[in-house]
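Listed next: structures, encoded as structure tokens.
First chain A sits with chain B, and in the next complex the same chain sits with chain C.
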Partner chain A sequence: MADTQKLVSLRTCDNVLHKVPEHLTLQMRTIRNLLSCKIFSDTDTVIPLPNVSSQMLEFVIKWCEAIGPGDKALGSMQLSTLLTATLPDLEESELVYDLMKAANYLEIESLLEATTQHVADEINNCNSLESVCELFGLENDIGPDDEEGEWW
Partner chain B sequence: MAAHSADNPPNERTKTPPPLPLLPIKETASIMMLNNDCLMSVFASLPDLRTEVAVSRVCKRFQAVCLAKWRYSHMYDEFDLERWRELLPCYEDLCYFIRLMQPYIRKMNVSSCLCTLLKDLDEMQIYVLPMVTSFYYDPDDIDCYPSDRSIQKMTYLLPNLRRLRLTTPIQGRYLSSFKQLQELHLYEDQHKDYELQQDYFDDVCTKLVNLKVLDIRLFDVISKLRLNNCVHALQNLTILKLNLASLKSVLHEVLDLPALKQLVVLLDTEWYIPALLNVDAFDHKIREVSEFYKIMERKARQIVGFAVDGYYMPLEPGWDADLPIWSHQKLQRLAICSWTHAEDYLERYTCMSNLRLLCLRNWTYLSDNVLLKFIESCPHLEHLDVSYCRQLTPNFVHCALNIMKRRQHSRFLDGYMQRLEPPLLIYYVLSGFEDYVESKKLKNSPDYKGYIVFMDDFPARSERGLSFVDRGYQFDFD
Partner chain C sequence: MSLLAYNGDDVSSSDTEPDALIDFTAMLMQRQNEYGNWLGCGGKMQNDHNEQGYHLEQYVLGVLDFSSQYGIDYSISYTAANIIGRPTKFPAYGDYPETFTMRTYGDWWQRAPSATREIQPQNMPAVATHDYIVVYFEDFVVPTEVAIFETYNPGAVVRIWAHSITKNWVCLWKASAEELSKSGPAESRAREARRFAPPLKKTSIITKTLRIDFNHSRLHYYTEVDAIMLCGRTVSLRRMQHTLQELQRTGPISCKLRSLKFQPSCRDNYALKLHEFINNDLSKFLVDNKVDESDVASATATTQIVASNVPDICLTDLPFEILLKILSYLDLKTLFCVGQVSRTFYDISTHPLLYGELNLKPYWQLANSELLCTLAKRATMLRKLDLSWCGGFGDVSPTEFKKFLTQRGDNLTHLRLNSCKFLNATCIETVGIVCDNLTELSLRNCATDPPLLNFSCLANLKNLERLDLFQTAFESELLLSMLEGNRKLKHLNLAFCGVSVNMDNVASHLATYNTQLISLDMWKAHFLSARGLQSIARCTQLEELDLGWCLREASLGDGLYQLLANCPKLKKLFLSAVRGTTERDLVHIATLGKNLEQLDLMGILNITRERIYDILVNCPKLQLLDLSFCDNIMERDFDVIAEWSRMFNVDIKSSHVPYDAR
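After this line comes the complex of A and B, so read on.
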């Protein structure tokens, strides 16, 4: 079965070549669009992914396997559960952001929604401006003059 | 961090710095590695505006992304203080949000007291909304008339206003200070205690050189406004709506306005009645039609549309037999409403094969046959308003569909592969076939798709109610 499976070659930014089953790559709109171009329709052609690391691609593939074909719309609870299964260390915010960036670049709606909702939930749990600043490790740099829209 | 000297007090924000986070530098900056698309997606998942405002106050970049989200969603293009108060119960948040959105608000629809609103904006230190081009004031409390002072404040607040509509009475002072104004709408089909003062009105006409639309109709008393002093200044006016009393003395000058495309005349509810008139013979209909015929004669070559309210205009059967429009046949819009005579005379209009809009609202004796002749003869018909025509039957709908399908088929045979004509929009409220359309669910019927669309409302740019034009007539010129 696996032998007959069509594979697509993806090269991540850390120069690792991944052979990914085509049905999984079809869940990534960016890849799907590229495959519909003649130049990439040949399976021997390697598609470069300059914005996705090898580690992230593995998470992405796990996600695509879990969610199944069609990048179907799921409820936020289901997405949250799936995200926990895909990315065990959700406390590591940098990983979540990297995964979000990969989802954004590869145009995987469900993964983008799951990761953004995760961060939005974290913001929601804050009860003050200070705690949001603390959550992201940011310092408030807004002066009184910045509290007006820009004029032109 | 350098210590602050005693005579050089530290900035409030840096005076008591929050404890430095015990995180590596890379970690503190990690969310900043997200691009704006990702940040926008995160903020789009926040539950409400209150949280978005809180997040936007974290740092300049979050603020810029939130602002972009608010702007490009177009949800806040229209200033709506009541709703925004509900969304942002904290006054400080509300002020912050309005100050940020200040340069991007485009419209204002105000239903609360104008005076109070202007005071609120003053308190928030909002002195100008430069992008607002449209202002509509229709207060829930109908006694909230705008004072001269309020209008004056508005001229500072909205320096680029293009379109102003007020449903309340207004004296008119300071209206001419809206230098960019292009449309002034003052009509409302209800009683008004007073109308514009003549000298302020003259000012409006002479000083607002960009004025294109002027609606000064007064609903229930004889209008005292006159255009004699200012009609010459209305060189860019394209749409004029006024009472017959205001038109009478300047009819020729109005018809000579170079840009005029539409003239709408409201018949005044009262008129001079000779003292010797027998009260038993008094007819509440307005017997003033001479201007109507004069316009017909003078502008026949340019008339592409006209509308009359048959209830108020004492037109008799055959009134239109000798109109000078017949030789030109340029009519694209025709509306004869509330007609109680026989339909025989209607058939002559089927020669107007360029008709786009036909409105026969509230006809007592309108039958399927005459209407079908229009469907047959006017292939460009896009709007058919037969609301309140109770004598029409479901048979009309069937036959109209068949005619349109047959026409399409012959086009196909002539080599046209696609249907080029837009579908016919039928306005059918309280018509004889309304129940049939509803019960057979014809609105969603695939059989009718692309041919006929059933509409609940009235055609755009027509007045509501029993007539296409309120209690009067309308002319469109090319």
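After this line comes the complex of A and C, so read on.
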């Protein structure tokens, strides 16, 4: 079917111009707010996204397509599994964090919930302090001055 | 420290009010004293010559606590007391009143309008506990087997706890989520009694108190337990003495050291011992605990390698609100653990926004006054609090609870204190004074005598929408004044409130002041008559009404008709054992109960096949129909009813006295 759908122009931080169907961008609250202002509603305007890279935007678009516009609010567990399903190369941790930042900047509720739940699950799977430190590359800088004993 | 805190004297000194201790706590204390002073109990059949002890099998001697039971206390049918002693019905299978039965089954209560959501749901374990019972036996043993005799719908036991002589709870067995889901749908399970004795954790604790946890969600109908047997090796006096003395001698540091393999003996002559240790044993100690140079070097090396694998971006580069969102999914225990990772994480994990809701029910065995104290520092924006089941055996002091509430309770909207044994009258008063923003107050299973809820202790609460007093004793005047004061009340549970409350009066108050009521539970209430039923009919928003075992004396008149006519939204109607229900009433149910989803007609003698069919045809939304013990239904009708159950897609319960027992 021929689509008279509007395309929105987005320029990412690496100066690449992306044309994205409007119904997908409506899931991103930041862009939705911008589009609701009359100034941006003609097709010539380009919306700059200085905090988002091309790679991230591609992921985000894939996600928005997977979720679909009219869906009811999915539970965070379902979202998390959807995340690992649609974006399988997300196993490396740094991509998750970049995606999380992009979701935060673009205000995509579902993606933010999915990525944060994913990281929370990773923390839950850790059996000890050391593994948490290892997982996130952190250093334990708490001295023996903890006033709270281990109640568990 | 909680290991040392509790002994008979301390409780009374920490709470100097004249009405400090309620009977129930006194009874618990008495039991505790028995544990502590077993020396004074006079030789309890322990054979001190035999260090090994002998194998002993014992049945329940008494019940300390239970979260719910089907029958009312002074009756012998379906009450917790039936679990005492030898099994009376096992191995027979059936619905017998001489067993212990709980109030709910399946997920029907979660589907009803009065269902609540768990506070801080991420704390809940994979297999949640719905109900529990705490029982004690006569002699201390090291447990080797716990056998639970289930005589009806087995399969609800999910955890077995033992209270050790060192005053901590140990989980001897717990069901895994996979096991539960493997067991298949309820209908396909064999209908036979079961002696359930799962493999216990190997342990050397000494105990004579057990707690059994139940989960009903997969049950087809009520589960019934006939008896519990505790098998184990008896322990000599000397060994018990030794364990208790060690307990008293150690403080928190020694306790921590004990968790390491190395245990210094810190009795006398410390200096000499220390000197010897440093000269002789230190190197071995270090080796045993893997703290030598090469290990340290390799440990740092690994961290460095890992660090180089993790590129530029790291978790701590993320904005604060994202990190907060990540941590908001974690359960309380993990949250505390994560706080130990680094200073940044400590700062984030102690942020008040993560402590807006607190649920200590899944940690009931660990919750104590220190934990409350720690949480009080963090929970400055507390809105919902659930301390159900916590603080038994003196782990939480009333003083600490009151302090916590005074500091953090003024913005509370939801407060659940079900089965909290540490509560006393001043605690309730504090709730009444501090927590005036409460919309939900749940004080289930607080059946002290005299009742804690008296006079005007909760008169200050004016915004309540939900009040749950299941199995709790209260003074009538207090309830009536609360009904007057809380016009927005939507959910009210007065099940098992006892003989001192006149339900007709309550009903007329409801009709005057609480017409927005959505759910009302009056299970086993007293003195409800047709007049009371007519009063209830004035609450036209009613969606759920439980009149089980009420209205025993009277005929309903046209009370039921008025109720059905005036409350078209009614979804759940329980008329268990309401013997005054006539055939005309059943006709009214069929004609007027358009929205009915759950209907309990247990024990109603006037039911005939035709009426059942009418109801099934005319109530399109019906999901549950309980026709148990409707003795008018002939045996041959049950097949037809089973067929209708399939045809109309309604779950029909038809438990009856086993035909061989009639």
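Just so we're on the same page, the second predicted complex is superposed on the first by the 135 of 152 C-alpha atoms of A that agree within 3 Å, B and C clash if a C-alpha of one lies under 4 Å from a C-alpha of the other, contacts with A are read in each partner's own complex, and residues count from 1 in each chain.
Here is the rule we go by: a contact is a pair of C-beta atoms (placed from the backbone, for glycine too) under 8 Å apart; a residue touches a chain by one contact, two chains touch by 3 or more.
This one's a predicted model, so the numbers in the text were calculated from it and none came from an experiment.
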Which of chain B and chain C A:132 touches, first, second, both or neither: both
Chain B versus chain C as contact partner of A:81, first or second or both or neither: neither
Which superposed partner A:140 touches (first chain B, second chain C, both, neither): both
Contacts of A:9 with chain B and chain C, given as first, second, both or neither: neither
Touched partner set for A:100, first chain B, second chain C, both or neither: both
Common interface residues of chain A - those touching chain B in one complex and chain C in the other: 93-94, 97, 100-101, 104, 112, 116-117, 119-120, 123-124, 129, 132-134, 136-142, 146, 148-152
Footprint of chain B on chain A - complex, ascending: 93-94, 97, 100-101, 104, 112-113, 116-117, 119-120, 123-124, 129-130, 132-134, 136-143, 146-152
Touching residues on chain C, where the partner in the complex is chain A: 252, 303, 306-307, 310-319, 321-322, 325-331, 333-334, 336-338, 340-346, 363, 366, 368, 370-371, 374
Touching residues on chain A, where the partner in the complex is chain C: 76, 93-94, 97-98, 100-101, 104, 112, 116-117, 119-121, 123-124, 129, 132-134, 136-142, 146, 148-152
Interface residues, chain B side, partner chain A - complex: 13, 18, 21, 23, 26-35, 37-38, 41-47, 51, 54-55, 57-60, 63, 67, 96, 99-104, 130
